Every structure is written in C-alpha cells, then in structure tokens.
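Have a look at these structures, which come just after this line.
After this come two complexes, each holding chain A, first together with chain B and then together with chain C.
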Partner chain A sequence: MAEALYASSESVLDWIANQGSTRAVIAPRQGDDGAIRYEPLEPGDREAARGVLALAGPSLLPPGKLFSPPGEVLFTWGPAEDGSFRVEPRLDRAPRLLAGVHPCDLRAIHLMDRVQADGNPDPHYLARREATAIVGLACSEPCSERCFCEAMGSLDHHEGADVMLAAVDGRILAHARTPLGVSLLADLAGEPCADPEAAWARHRAARPEPFGRALPGSREALGRATTAAWSDPVWTRHTEACLACGTCNLVCPTCYCFDTRDEIDVAHPGCGERCRDWDGCMLPGFAAVAGGHDFRRDLAARQRHRVNRKFAYLPAAHGDASFCVGCGRCGAQCTANIDIFDIARDLLAGSPDDAPEAEVSA
Partner chain B sequence: MTNAAVDPSLYLPRPARIVETFPLTAQERYYKVALGTPLGHRPGQFVMLSLLGIGEAPISISCPPRDDDLLEMVIREAGSLTRAIARLGEGDWIGVRGPFGSGFDLDDFRGQDVIFVAGGLGLAPLRSLIEALLADRGAYGRITILSGSRTPAAELYRDRLAAWSEVEGVEVIRLVDRTEHQPWKGRVGLVTEPIPDLAIDPRRTVAALCGPPVMYKFTALALARKGLRPERIFVDLERRMRCGVGKCGHCQINHVYCCQDGPVFRLSELSGLREAL
Partner chain C sequence: MRPRIAFFDFASCEGCQLAILNCEDRLLDLLQLVDIVEFREALSEKGARYDVAFVEGSIHREIDAERLRDIRARSRLLVALGACASTGNVQAAANALSPAENFARVYGEAARNRVQADRRHWPLWAHTRVRPIEEVVEVDHHLRGCPVVPEEFLRFLGHVLAGTRPMERPHAVCTECKAAGVRCVFERGETCMGQVTWAGCRAICTRQGYRCDGCRGLLPDANLAAHRRVLREHGLDDEAIDARYDLFCAAGRQAIEEGPL
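Then we have the complex of A and B:
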C-alpha cells in the first residue's frame, strides 16, 4: 500500500464522501450566511464534501470541539434497589472521520490530546478522539486576514492527522502519517508519489512569505514577555471595549474550561443525566467562590489570565511554546474587536517607557 | 492515539448515605455519611459532593483520617445545591467523588509546636488536622488554636473547641468580630489579634491557616513578624472547584490547579502565584 499518492480533486472528494459507508464523516461546509461549520456529511454526497479542499476559513467553531461537544452527557443516573442510585458513564466511541482540518486546528487538537491525557485522563474526550480518524488539509495561502498561524508555529503542523492533503503541482498530494492513514489511502484512486518530501517542499515553496500576520518576536520571547507584563497597562488597554461575552473563549480551539449541569428526566423520576457545558474565564463569576468573593473580578485580570494560559501557563504545564495556534478566530469573532494578535504584538513590543505602572486589581 | 490507563469513572459520584446530621449554626450543618468503603483521605483534602438533579460542589473533609467508611463534613447553605442538601435527613443519599487535593502531610508537623488560625468555616477543614494531631498527641509539641467567628452564634464546633482546650498542652483562643449582645466568654477582635502576644519559637513552630480570602495576608504578616518563615506556614485555600481533577479551569491560580497542587500550600510556594492571596 502506498504511503503517498497524487490524486485529482474529484478523486479526493469521491474518497472522502465514500468513507461515509463505514464511519460518520464530519467535514467543513460553507453555509448560506458565508460561515464555515464542520457538519456531518451524507454518505456519498461528494458535492457537500467540497469544503474539505476549500482554503477559506477558519470555521466558525474549531473542528476539535467535536471531541467535547457542548452539553455532552458525562453520565446518566437512575434509582438503585437499595434506595440509592446507580450511575453509568456515557462514552461515545462511534467511528468518525474528521476531514479538512487545517494545520492550526490540527495543532490545537494535538495540544488538547496532551491536556486531556495528562494527569487525570478525560475518558469522554479520549473515547471520541480515539475513535476518530483525521484527514488534514495543508494551507496554500492564509485562510483569512486574521491568520497568524506561522507566527504561532502551526503552519507546518501535521501531527495528529492520519492523512495530510496538500495542493501540489495542480494535483492533490495525499500523504499517510499513521498506519490508519495508510489503510484509508487504499481506497483513494491516484498515482503513487515516490518522494513525498520533495512534493511537500514544492508545496511550501509556492506559499506566500510571510504567511499571514507576523509578530516581532519568537513564541518563547512572547511567553517571557507575557510573564513580565503582570502589572503592565496592556491588560487594561485591551479590555477597555470588552463586553465580557466570552466569545473569545468559546471559539478558541485550545480553550477547554467547563462547568457541569444536571438534567432530570421528568417522565422517569429518579433518572437524569449530568451534562458538561463549555465555560470561559472571561465570563463574570468564573473565579468566584461560594461566599461571593471573585478572584478575578476585574476584566483586565481576566484578560491577563486568558492570555497567560495561551502564552505562559499551559505551555509550562504541558510542554509547548504556545497554546495559541494563530487561527485568528477570537479576534475575528470578538464583539468588541479585541484581537489576541494585537495583545501579543504589544507584549513583544514591551511597555512604553513613559507608561505608568497600573496594578490590575483582582 | 491510545491510552490504556483511562479511568471511565473519573466524573462518577458514588452513593453515600447520611447517617447523622444536625445544625451547628443557623447557616451550617454537620453531616456524617457512610460510603460503604473507606475514603482513605489525608487531612486537608476535599470531596466533590453531588445531589443528583441539582449539581455538584467542592466540600472540605472535616474528619481526621479514619479506618471506617465514614466521612464528616460541615456544609454552609450558600447556594442552590447546599440549600437542597440542608433539607435532607438521616437515611437520605448523596453522591461523593474523591478525595481530591494535596492535603496536609503529618510529617511536616511531627515534633513541632503548631498554631492553627481558623476563620469562620475554615475551622471545618482544620479539624481534620487538629484531631489527627490529637490522636497521636505525644508526637507533636504545644498546640495553639485561634478560632475566629463573626458572632457567638456563628461559632462552629463549640463542643469540640471546649474539648480540645482540656487536652494538655493545647490552648484554644476563641474570638468573635462582634458579640451582637449574645453571651460570650471569649475575646472580641480579629483572629489575627492574639498573634503578637503568643510565645513562639520560630525554629520549632509551624502554622496552619484556613479562613475567608481576606484573612490570609494579615495572618501571614502577623506570623512573619513573629519570625515564622514562609515554608513553615501552611495555607488551605478556597476556590470553587467544578471537577476536582485538574480539568475544568475554575480553581486555577496562575499556572497552578488548586484542586491538584492545593488546596494546601506552603506560603513559600505561593511567592510566584500572584493571584493566590
């Protein structure tokens, strides 16, 4: 079996659409409103699969959210004979294929795989993740004006994908990265590619440079600058317009904070389910305790926490240079036009010498 | 990717039956629940308590380590979950996950004089350590317990405070912020106020603190003035954990998950954590 193939776009779409006979295919699709969403594909619907090879983006929500869907059921409960209760975990191991995942989102999935496997592994995320094959699509051009994936080290991230696709020489290169990817490629009509690395080199050479927005410093420097800026006015400056809506958290591919909620089954007394909802550290009350004290009452303190998680806290805890992947979603969808890229640029530029120190209160 | 060691029961509460409950104050009730198997906890750890259909919240463990299957807690009516739990009685079932968190290590206290500073509900988790020390009295030095409450009626564990004060080498100093014309034989003032007058040998003294957020800075400062080094001061911090297993993000203090690395920290460990106190 071939590790890499050259195929036509039409063959690739047939291949993706036909995967639907063995596993649910989730693929990006542009809606009438122009927004891109990852949605289930009807088996054999090759026209709907076109989004897999489209270079527009990013999607409204990151594809990795598939592994922790909003409102997912963690467990169900019901009455037990002794008058107590019995609980049953809900683990979703349905086989899926997630297709058309861009490198920024692949890197986010790779980071979330690490977070969810570290310490106490999250069985619900991992069950879905392990049952899901991923076909990635390398980007030939920035998918939006907000993209800064190269600056965040995501542009050439392929780890986590079973097969990577890329436009090369007017054809599609399909490169298997895992044993599962090799077996998936058995169904793709194409010609063997003897030297995939040379093909990747030609793909990269055809890309614009710089790719997307560039930052004036490395990710390592950004991490240090973020830590050093604890009392910097940058946090206040970048929250003046903030509405605390939490959109930046919800659309971020590496935000995974949650809260739980119980749903009772009115028709079956004593039965119900505990559900998990996405939560966000920019929302009011996220760090509040029972007595009402809020450890991050101030919006600037919450912004500082969010940005520190991306550039300092999570990289230190889980080992990576940054947990921001440069997709541009938080800036594009922010209700107040606050862009983490601008914050990163300001952090790297450092505080102006004449700027007064502003201690952010809790 | 595969992970063979994934525990599917990470978020599953186990049934626990209330075997004893009574009010300690107008706001707080004492609970003793039977788990069926021993909890196997350390002092200072916490559990996630569920009432299915209502929700889940972190609750401090109030009893010292024990060999049987019982768990003791003090629960303040502070929200919908704790209000619903307050309506339960003996024989009713609740759900328990845990124990979670670092807790206190008894080795840090062995051979030492120990000062406890408890504010309000902070006495509930500190009891788990106080009674662990009293259970092996000879292994520890002098014990001083400063217990501060808002009013006389708000004081927790009145009988236990009295019993502890009867033990040789144990001094209990009870304080209230204000008496509100209620009978009171203790002192009036903040829980930090007796600290300057305590006879402390800073080379052989450790302190354990738990109370409302505002209490820690002032208490730590007062102890530091007595020469106590930050690595000899243990703080039991309050955060609103939603998962207890280092995932949900709610209890994060800078880069640290309070539910995993805490809730008990040495004060010296907090020097880089600017959001801690």
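Then we have the complex of A and C:
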C-alpha cells in the first residue's frame, strides 16, 4: 500500500465524498452568508466536498470544536427501575472523518489532544476524538490578512492528521501520516509518489514568503516578554475597547474552558441532564467563586490572563512554544478590533522605558 | 406539598403570560406538579401565600409599588417575568420626558390640556417614573426577554421542583451566536446590541438573519462607552445610538451612564 499518492482534485473529492458510506464526513463549506462552517456532508455529495480543497479564509469556528460541541450532554441521571439512583455518561463514539483541516487548526487539535488526555482526562472529548479520522490540507497561501500561523509555528504542522493533502505541481499530494491514513489511501485513485519529502519541499518553495503576518521575535521570546509584562500598560491599552463579549475565547481553537448546567425534566424533577457550555476567561463571572467573590473582575487582568494562557502558562504546563496557533480568528471576529497579534507585537517590542506601571488588579 | 405559584401583572402587554400559556403541551405536565393559585389570564381563585410569584410588568405609581411589596412579603421566591419587570422595557424611555410632555406627544396638546384640567383624570398624574421591579423589591430570579423564552420558564420551574435554582450567567448574546455558528452582523456592515445584552434567548434574532435589539436588557458591567465607539465606527450617529439603547434598555442605560439615583 502506498504511503503517498499524487491525485487529481476530482479524485480527491470523490474519495472524500465516498468515505460517507462508512463514517460521517464533516467538511468545510461556504454558506450563503459567506461564512465557512464544518458541516456533515451527504454521502457521495462530491460538489459539497469542494470546500475540502478550497482556501477561502478560516472557518467561523475551528473544526476541533467538533470534539466538544456547545451544550453537549455529559450524563443523565434519575431513578432506575430497582429504585436506585442511576447516572449514565454519554459518550459519542460515532465514527467520523473530519476533512479539510488546515495546519493551524490541526496543531490546535494536536495541542488539545494533549491537554484533554493529561492529568484529568476528558472522556467525552477523547471518545469523539478517538473515533475521528482527520484529513488535513496544507495551505498554499495565507487564508486571510489576519493570519500569522507561520509566526506561531503552525504552518508546517502535520501531526494529528491521518492523511495530509497539499497542492504540488498542479496536482494534489496525499500523504498518509498514520496506519489509518495508509488504509484510507487505499481507496484513492492516483499514482504513487516515491519521494513525498521532495514533494513537500516543492509545495513549501511555491508559498509566499513571509507567509502571513510576521512577528519581530521568536515564540520563546514572546513567552518571556509576556511573563515580564505583568505590570505593563499593554493590558489596559488593549482592553479599553473590550466589550467582554467572549468571542475571542469562543472562536479560539485552543480555548477549552467550560461551565456546566443541569437541565431538569419538568414532568419528572428527579431526572435530568448535566450539560456543558463553552465558557471563557474574558466573560463576566468566569472567575466568580462561592460567595460571589470574583478574583479576576478587572478586564485588563482578564486580557492578561488570556494572553498568558496562550504564550506562557499553557506552553509551560504542556511543553510547547505557544498555544496560540496564529489562526487570526479572535482578531477578525472581535467587533472592537482587539487582535492578539497586535498584543504579541507590542509585547515583543517592549514597553517604552518611561511608561508608567499600570495598576492592574489581580 | 405542591408548590403554590401565582402570576401578577403591572404595566405590560401581558404577552409574557401569553407566551407561557402557549407552551400548552408542557403546561399540562406542570399542572400535575404545582398549584396555580393566581393567574389573571387563566384563573380567578385567590390565594394568600406563594412559593413562587411571577411578576410581569414595570412599576409606574406608588400604589403599584405598594402592591408589589405586598406580593413580595407573601412570596418565598419572586421572579421578574419578562423585559418590563426586569428592565422597565420600552416604556422606560418615558423617563426622559415629563409626564405632561409625554402625554402631549402621544395624544396631542389639546387632549393633554383637557385631561390636565379635569380633576377626574388627576390620578393619571400619579405616575412617577418607570421602574423595573428590582428597584422596589428584592428579586430572586429574572426571566428576561420581550417576550420571555418559554423554555426558560419551564427550566426555572423544573429547578424549583427539584429544590435548586438555575444560574443566571451574565454573558452577552454573542456567546449564543458563537454556539449557534452565526456569522456576526457587523461582518456584513450592520450593527447590533448583542455585545452588551444578556444572553439566554439562544440568539433567536441573529439566527434568523436579523440583529439583536437588546430586548433582554443591558448586562450589569456593560462597557457602554466602548460599545458606542464601535457603533460610531460602523456609521451610527449619537442620536441613532441613543435610540437603539432606549428601545429596550432606557432604564438600564440611565443606571449605567448616570449612576444609581
């Protein structure tokens, strides 16, 4: 069996669409409103699969949210027939294929796989994740004017994909990265590619340089600058316009915080469901604890926390250079135009020496 | 014992009570589990003490405030039902005008003068200021929106029956746009109140392709100065912005911009 193939776009679309006979295929699709969403594909609908190879900007929400959908039911409870109290976890192991995942989102999934398996594993995420095959698509050009995936080290990320696709020499390179990927490729019509690394080199050479927005320093330097800026006015400056709407958290592929809620059956108040909703550190009440005390009420402190999670805290906890993958979604969807790229650039530039230390309460 | 629940209305269109009567299928289940002791639009039986009092409408006169205090004293839980009770709703825009001027705007100068001179109509002028019920009594829970979301009403009662209380998370409607995968209206050049408005409606308006007009009320920590800047950048002038705030959030805006009385 071939580890890598060259195929035409049309055969790739047939291949993706035909996967629908064995597993649900989730693929990016541009809606009438112009937004791209990852949606289930009807089996065999190759026209709808075109988004897998298209490069029309980042999706509204990152595809990795598939593994923790909003409002999911974690477990149900109620009395069992024998009178005992029954709690039943809901684990979704339906086989899926997630197709057309771009490198930034792939890297985010790879990071979330680590976070969700670590310490206190999340069985709901892991059940969906383990049942899902991923076909990635390498980007040939920046998806939007907000992207800075290369600066965040995401552009050449492949880990987590079972098969990576890339446009090379007018054809599509399909490169298996896992044993599952090798078996998926058995159904793809194409010619064997003997030297995939050489093909990747040609793909990379054809890309614009620099790719997307560049930062004036490495990710390691950014992590150090973030830590050093604890009392810097940068947080206040990038928060004055903030509406605390939480959009930057909820559209981020590496934000995974949640809150839980109980839904009680009105007709049978002893029965119900525990559901989980997306939450985020920019939202009011995120850090409120019993008794109503909120230990991070100040908006600038919330912004500082969010940015530290991306550039300092999570990298330190999980051993990676950054947890921002540079997708550009948070800046693009913030109605106040607050962009983490601008914050990162300011952090790397350092604050002017005469800047007064800002009072940011914890 | 089955919880005794009651419904009361002040200045409102009674649309919230209707919205609840409209969840007929679930209401029948509910009637087995609670005693509805007062419901102006459904029953006339009177009861003295309530486990849950649902209060619809805003408070305009001192006699209304007194009646509300009496309801509070007789109720274990008191719930604001809908936008009028929770925020003062559209009628709170009248607070920016004197009652006489407001009357003239609606009915004309001649009618106003006639009513002002006729002592039989003097009780009309007992109207002081439009207040959300929380300005008068302590409120245990808010069911927001114009009208209320029937599922939220049912969820609340489910919790009461189970001896708990649903959380009120002070989140913006934007969170529900994200959960529903709605493309933000600002991206198509329109403007929205959703960033400063209580969520809980599951972003029903933006999901239908419209914008959020803020019927669930302003969030307590809403950054109105920043929101105004965003609206200006998207082409609204201050008059248009004030009109947008005052549609559903006049009382809330007065409280945030001018501080408590």
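Just a few scattered comments:
Everything that follows uses one rule, which is that the second predicted complex is superposed on the first by the 354 of 362 C-alpha atoms of A that agree within 3 Å, B and C clash if a C-alpha of one lies under 4 Å from a C-alpha of the other, contacts with A are read in each partner's own complex, and residues count from 1 in each chain.
One rule holds for everything that comes next: a contact is a pair of C-beta atoms (placed from the backbone, for glycine too) under 8 Å apart; a residue touches a chain by one contact, two chains touch by 3 or more.
Only a predicted model underlies this, so the values are computations on that prediction, with no experimental measurement involved.
When both complexes are overlaid on chain A, the residue A:Ala194 reaches neither chain B nor chain C.
Looking at the superposition, the partner that touches the larger set of chain A residues, chain B or chain C, turns out to be B.
In the superposition on chain A, A:Phe85 makes contact with chain B only, while chain C stays out of contact range. In the superposed model, A:Leu180 makes contact with neither chain B nor chain C.
After overlaying the two complexes on the shared chain, residue contacts for A:Val266 are found with chain C alone; chain B is out of touch.
Of the two partner chains, neither chain B nor chain C is touched by A:Ala206.
Once the two complexes are overlaid on the shared chain, A:Ala336 sits against chain C while remaining clear of chain B. Using the contact criterion defined above for the overlaid structures, shared-chain residue A:Asn120 touches chain B, although it does not reach chain C.
In the superposition on chain A, the residues of chain A contacting both chain B and chain C are 259, 261-262, 264, 272. Interface residues of chain B, counted against chain A in their complex, comprise 1-3, 5-13, 15, 17, 52-57, 76, 78-79, 82, 93, 95, 212-213, 238-240, 242-243, 245-250, 252-255, 260, 274-275. On the side of chain A, the complex with chain C involves touching residues 31, 33-35, 37, 60-61, 70-71, 240-247, 250-251, 259, 261-267, 269-270, 272, 277-278, 283-285, 299, 333, 335-336.
Considering their complex, residues 26, 29-30, 32-33, 154-155, 157-159, 161-162, 164, 166-167, 169-172, 174-175, 178-179, 181, 183-184, 186-188, 192, 194-196, 219-223, 226-227, 229-230 of chain C touch chain A. Across the interface of their complex, chain B is touched by residues 74-75, 77, 80, 83-85, 87, 89, 91, 113, 116-117, 119-124, 126-127, 129-130, 160, 230, 256-262, 264, 272, 274, 279, 281, 286-291, 293, 295-296, 301, 305, 308-309, 312-314, 316-317, 362 of chain A.
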